[in-house]
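Worksheet: the structure to be examined is printed underneath.
Chain IDs A, B, C, D, E and F follow the sequence of writing; residue 1 opens each chain.
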Amino acid sequence: MKFGARNQVTATVEELVEGGVMCQVKLGQVDASAGMSSVMTLESARDLDLKPGDRVRVVVKAIHVLLVKD
Amino acid sequence: MKFGARNQVTATVEELVEGGVMCQVKLGQVDASAGMSSVMTLESARDLDLKPGDRVRVVVKAIHVLLVKD
Amino acid sequence: MKFGARNQVTATVEELVEGGVMCQVKLGQVDASAGMSSVMTLESARDLDLKPGDRVRVVVKAIHVLLVKD
Amino acid sequence: MKFGARNQVTATVEELVEGGVMCQVKLGQVDASAGMSSVMTLESARDLDLKPGDRVRVVVKAIHVLLVKD
Amino acid sequence: MKFGARNQVTATVEELVEGGVMCQVKLGQVDASAGMSSVMTLESARDLDLKPGDRVRVVVKAIHVLLVKD
Amino acid sequence: MKFGARNQVTATVEELVEGGVMCQVKLGQVDASAGMSSVMTLESARDLDLKPGDRVRVVVKAIHVLLVKD
């Protein structure tokens, strides 16, 4: 299965923060020191049955990536 | 300076692919094996005066991150 | 494989319009009369090896969906 | 009135799920079997005065559409 | 007609920069000194029949707005 | 510090509406009559230590700007 997006890494779910509608999924990345986060609907998080320790693919379209230069 | 976004890494510009309106900036990440890409207007890329070797901050809001689970 | 996104349909690639950096992929949807379009980098389109007639899964996070009411 | 977006369908509001800040609007689509969802601020949902049965126009820019191929 | 988005202004089209697939629409804002830009597919720009001097409504969902603090 | 985005204004934080996961930041713009809003994770809002009266830079990539024409 291939995704039409330039940015893809594998990560591990570390924590889920659930709100009334949205859910923040905190990720530990394998190859990077910095953590990452995804926000999706609570409904999507439950569909994926996400829980700490799960391995997930992280997909970001290049157009959503902002560059900042000092 | 602080950014209201959960995902931030530092990367090095490796290559710029210029089109008529848009510009793809290919990045090598310090802490990860996989490359990344950003797409912005050519005008923005020129404003940033991006060239291979430049160090940039990569910023992605959590809402733009899609998770996929096998 | 499951996606953390509320909107998913299956569609058929009808036409690819290639620019210098970006590529517009025009889709015919199975269950809807209206066509759809996706824009990605040319590089992603080539990675997916997209060509007319291909069946693809169309994924859109709910946060990117704008509602308009008369 | 015309929208600068490649993807537009008409749908019916089926349910609103309200959180503290965001609101998920579940949609039934006329021409498709699958349901759709939009997430917006609660404030926007109230401005639109959305309620089940309302007809809305669903607008998505092509750049937000991710394609996945098996 | 009401839009499910927190950010809406009126602006005037100043210039169109056309690429192979995308089109950058440069805007002059009525109430602000700074110019703005929108990028859409060339096809959308032609559907809107955009030309310098046109009055357009500029719509941005709050989730797409990044805040930066010194 | 330069941002790879076509739309940048300065604004003042007027109000924060906190939910379980997300936070809406209402902004008063200097040069425009209309208010603006950003939505980010509560965690990001706390990282920025946002409070009413703070001056922030508002950054929006051109691709996230939708134009509508009557």
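Assorted remarks:
Heads up, the rule we're going with is that a residue touches a chain if its C-beta (ideal position, glycine included) is under 8 Å from a C-beta of that chain, and two chains touch if they have at least 3 such contacts.
Keep in mind that what you see is a predicted model, and the values were worked out from it rather than measured.
When the partners of chain D are compared with those of chain E, the chains appearing in both lists are C, F.
For chain D, the chain with the farthest CA centroid is B. Note: Cα superposition of chain A onto chain D, rotation of 120 degrees, nearest 5. Between chain B and chain E the centroid-to-centroid distance comes to 22 Å (mean Cα coordinates, whole Å). The distance from the centre of chain C to the centre of chain F, with each centre set as the mean of the Cα atoms, comes to 29 Å. Averaged C-alpha coordinates put the centre of chain B at 21 Å from the centre of chain F.
Those residues of chain A in touch with two or more other chains are numbered 1-6, 19-22, 24-25, 37-41, 43, 48, 50, 59, 61-64, 66-70. In terms of which chains touch, the assembly is arranged in some other way, matching none of the line, ring, star or all-to-all patterns. Chains touching one another form the pairs A-B, A-C, A-D, A-F, B-C, B-E, B-F, C-D, C-E, D-E, D-F, E-F. Contact residues of chain F toward chain A in the complex are 1-5, 19-22, 41, 43, 59, 61, 63. On the side of chain D, the complex with chain E involves touching residues 1-6, 25, 38-41, 43-45, 47-48, 50, 61-63. Residues 3, 5-9, 24-25, 29, 31-34, 36-40, 48-50, 54-70 of chain D touch chain C in their complex. Within the complex formed with chain E, the residues of chain C that make contact are 17-24, 37, 39, 63-64, 66-70.
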